[in-house]
Amino acid sequence: MHDADDDQWEVYLAGEIHSDWREEVRRGIEERGLPVTLTAPMTDHAASDDCGVDILGAEDSKFWHDHKGAGLNAIRTRTLLERADVVVVRFGEQYRQWNAAFDAGYAAALNTPLIILQPESCDHALKEVDRAALAVAREPGQVAEILAYVIAKD
Amino acid sequence: MHDADDDQWEVYLAGEIHSDWREEVRRGIEERGLPVTLTAPMTDHAASDDCGVDILGAEDSKFWHDHKGAGLNAIRTRTLLERADVVVVRFGEQYRQWNAAFDAGYAAALNTPLIILQPESCDHALKEVDRAALAVAREPGQVAEILAYVIAKD
Amino acid sequence: MHDADDDQWEVYLAGEIHSDWREEVRRGIEERGLPVTLTAPMTDHAASDDCGVDILGAEDSKFWHDHKGAGLNAIRTRTLLERADVVVVRFGEQYRQWNAAFDAGYAAALNTPLIILQPESCDHALKEVDRAALAVAREPGQVAEILAYVIAKD
Amino acid sequence: MHDADDDQWEVYLAGEIHSDWREEVRRGIEERGLPVTLTAPMTDHAASDDCGVDILGAEDSKFWHDHKGAGLNAIRTRTLLERADVVVVRFGEQYRQWNAAFDAGYAAALNTPLIILQPESCDHALKEVDRAALAVAREPGQVAEILAYVIAKD
Amino acid sequence: MHDADDDQWEVYLAGEIHSDWREEVRRGIEERGLPVTLTAPMTDHAASDDCGVDILGAEDSKFWHDHKGAGLNAIRTRTLLERADVVVVRFGEQYRQWNAAFDAGYAAALNTPLIILQPESCDHALKEVDRAALAVAREPGQVAEILAYVIAKD
Amino acid sequence: MHDADDDQWEVYLAGEIHSDWREEVRRGIEERGLPVTLTAPMTDHAASDDCGVDILGAEDSKFWHDHKGAGLNAIRTRTLLERADVVVVRFGEQYRQWNAAFDAGYAAALNTPLIILQPESCDHALKEVDRAALAVAREPGQVAEILAYVIAKD
Amino acid sequence: MHDADDDQWEVYLAGEIHSDWREEVRRGIEERGLPVTLTAPMTDHAASDDCGVDILGAEDSKFWHDHKGAGLNAIRTRTLLERADVVVVRFGEQYRQWNAAFDAGYAAALNTPLIILQPESCDHALKEVDRAALAVAREPGQVAEILAYVIAKD
Amino acid sequence: MHDADDDQWEVYLAGEIHSDWREEVRRGIEERGLPVTLTAPMTDHAASDDCGVDILGAEDSKFWHDHKGAGLNAIRTRTLLERADVVVVRFGEQYRQWNAAFDAGYAAALNTPLIILQPESCDHALKEVDRAALAVAREPGQVAEILAYVIAKD
């Protein structure tokens, strides 16, 4: 008989790419030895912008330059969203992060459990997104705590 | 034999609620006599914020005040998103409109055709969302033109 | 162009069958002239228990007597749950109403919007069920108010 | 060529948390060396009630205290229900166990095979739930026997 | 507010084509004025065998003669099975009726409520098929009674 | 009781746009008075090429000119393919008609019944596509005959 | 980079249980070293009939005796059908094998590739079932040959 | 904690079989050590044409000769398309490659990320197919670069 604790959970960390919150989540998971595979969208901002033209050739128009890159990013994002057992989406004050909200909507339509990580200052603006989530956390460490509770607590 | 032009199309108009863009789309559709049912999220901002506590009772905490209202809004939004043949999402410069991006993601996961309506100034920030769409329009009138082409052109 | 207010909503009223709460919801909907079709499980308790043997022949064993009836009830319940745009589930203090919770779980798996109607005394026992709902109401009249807000508010 | 007996079966043990029935099922599976991974909802009652506020911060209202905890429990429950090959749900006389019936309804909507474990005294009250099941057992040992028959009998 | 009794139910009558059982079901439904649309596979045996070659050209081989006809029959059968709210499958003693069992399996995979109509002499041979059904009836009149109970009983 | 003959069938006519085969199918359906709604992709070749830039603005690059138009065409095609009860795809000798084969693959993945209309000269090249179909016809009139058999034959 | 030949295929062998055809398929697969996991319904006829009452207690009625056993068999069959990459169904002359046809219908609704193994004498009676299959074989060895071609041929 | 880079990606290489483009993709993947399993349809043209009659017996008619082979090819193709995380489809100037476009449509309906590999000369003819793709590449090496970016870039 296998031990359920050995079942691997795949957790997709969507949203904000300008702080090291993913590393904090990762540390919390490693410290607890949880059977979690962390995945994420492309977090190298420049690569995310230019990947399309770098690989497939330059575009005169900025719109199509962006469009080509967004196509490649979507190959990654869609596949990882479809695979994820849990989707965590991080919002911050400084950016509009429409991708983050898009990924949250995508996960909600798939009925995949959703955790939102956001400062209180965003609460009102995010109320509809939060309503689709099963948890709203304030700190990356809380995400690791939630996963420890969900996966490894007997 | 029925005429395909009689088939009703249901079009959900998501996103920005501070201008009259939905009325412009409606006028364009009425002028052309298209067999379209237009639906939308709650566009009365105050009602959208307070519906939960108005109907189900007050909350001390702002967070749960919002949460209750967002639940009622979601009953409407989810049902109309699931029913829609086409989803149109309007973004503007002034607001973060995370709901708009959430609805776009939801529609994308359902594989429902998506039209984004946005000013050029948002192009870069919306590139991942736009990549999931089948059209990016600049003016509400273009949405009506697209629907006329898609539904009624022989 | 059709008016979205003409779109019919199908609302399934599951759960408790010993009070007239369904009539209260119906009155609230009729007063407001909402485009709603109300459906329900079999609410005639005796018929619900004996329909199987009445139509298909007697059983010596009480277990199979019940089993035959439950099969017929399920033909109704499954079909109406699958069709419903919104599922309302009523819980009360006096009964275990496992059917009610079963129907709520069924609706949750289908990602259908769920409204729970319950007295405060059941709050703790129902917390997991409530978490899957988009609204928890206390009075049947609130269900009609919610539907009026969701369907007919501009 | 792999041997089908090596295919792992994931079995979710839902419902009653006040007796050691899960251990009895586990012993029966271990004795027979079946390739089964057993999973379960949170069975530590206090943790299940307080996990939300312990990790995400206190709430003044008991309703939202419960709501926060139920969200975390749902991350676990939904994921394990979606993964399960077979869902076993245990009902007892003393508790209303609406979660148990909710999980049974969720599994039924997913068309996942369902085994109900219940005393005879609950038969009439559970008839609609039982009708959705492929077996109604009386003792935990019977669940292990069923799994042995289903998985390992040539 | 619409009356739920006006909702149309589509009932597919699969299986045996050598007796007038479909007419008996139809009479029972007409007498009760039920809002039911009855559908069926091709019941003209000769047409069912020869439709392919009659419309699309002769075949030398009997196997491909049959294959062409079966393709046309499948266009009808699949569409009506997918649309059906309830599937009724009639088995008799004289024929192998593999189509009937195939249609029952198809409906079971779609989670569509299934009623089997069979003589007692077939009970043992049909036990696995019956287990997937919500009712096993003996007479066509019982099917009409079941539908009356399920659809029109308050 | 409704008559099944009144159920409307939606039939999507995909593929070749350079002959009047759709009119021939339409005539055959009208002559027989079948309850069929015929739909089709955009069959005005110039409109299909230029719709994107006509409505949404010119592009310097031919690739993006085409891409914009193809997006609008896809709004129509996807919606009609998803709605169709039956998909008919016409291939001819002169064109590569990759859209036609794409639509056939899309329908096959949806498990929607597929009829292919093709000259014998294409048989070998189309063998994998034909294998996914339930009928291979040679003349438009045969499509109408098939629909008459499938829908209206008692 | 993994080699595609290492991907495991799960093949469900449904139908007739009175000859050793499954062993012949197994031998053909072992000789070729194919990465195949073979699964099957319960092939011990007596166990299949009595498993329900043996584990869950005796029944006076033969119908419910059978029903209890069929429930346990369905736990196995449904799970393995849902998992299978390919379903093979064997029909013979002597038995009605409604289970076999039921399993074929179930697989067809899931869009799972289907291979039918049958003597020529059954061809006409099985024409509708065969039409849903991607191959009709005559000998068990051909099934192994087909799998070798499909899985391992470069 | 597992490393996401260890998650295996399954990539199906559909389309043209007359050049060694699959080998070029494979080399690019091996050089980068990507965790990719490459799969493909049958690329041995003669085997693909004759497999049906070779294994299942000769046919007089060329149409049914092809039909039998296409059935076996479909067992492979459907299974690998359903499993694929990413589908790459190669078009060339010389062939009509309707299979390629069929596979692209199949993948699009499944919402699986699609990469098209084509010369510029095919751009106009492929515009509708390309619109469903997330990338249009010109050289096999670009496919490997895209996969490296999508899977392994941090």
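Just so it is clear, A, B, C, D, E, F, G and H label the chains in written order, and each chain counts residues from 1 on its own.
In the analysis below, contacts are C-beta pairs under 8 Å (C-beta built on N, C-alpha and C of every residue); 3 or more make two chains touch, one makes a residue touch a chain.
None of the values given here were measured: they were computed from a predicted structure.
**Student:** Could you give the fewest steps needed to travel from chain C to chain F through chains in contact?
**Tutor:** Each step joins two touching chains, and the minimum needed here is 2.
**Student:** Copies chain C and chain D touch; is their interface built from the same residue numbers (over half shared) or different ones?
**Tutor:** Same, since over half the interface numbering is common to both chains.
**Student:** What is the distance in Å between the mean C-alpha positions of chain A and chain D?
**Tutor:** Computed from C-alpha means, the inter-chain centre distance equals 29 Å.
**Student:** Using mean CA coordinates as chain centres, what's the chain D-chain F distance in Å?
**Tutor:** 48
**Student:** Distance-wise, how many Å sit between the C-alpha centres of chain E and chain G, to the nearest whole number?
**Tutor:** The answer is 24 Å.
**Student:** Among the residues of chain B, which ones contact at least 2 other chains?
**Tutor:** 71, 74, 109, 111, 131, 134
**Student:** What residues of chain H sit close enough to touch chain A in their complex?
**Tutor:** 1-4, 6-7, 9, 85-86, 111, 113, 115, 133-138, 142, 145-146, 149-151, 153-154
**Student:** Once bound in the complex, which stretches of chain C touch chain E?
**Tutor:** 8, 10, 26, 29-30, 33-40, 42-44, 47, 51-52, 55-57, 68, 71-72, 74-76, 78-79, 83
**Student:** Which of the residues in chain E come into contact with chain H in the complex?
**Tutor:** Checking each residue of chain E against chain H gives 59-61, 64.
**Student:** Given the complex with chain A, which residues does chain B contribute to the contact?
**Tutor:** So the residues of chain B in touch with chain A come to 62-63, 66-67, 69-71, 73-74, 77, 91, 96-110, 123-132.
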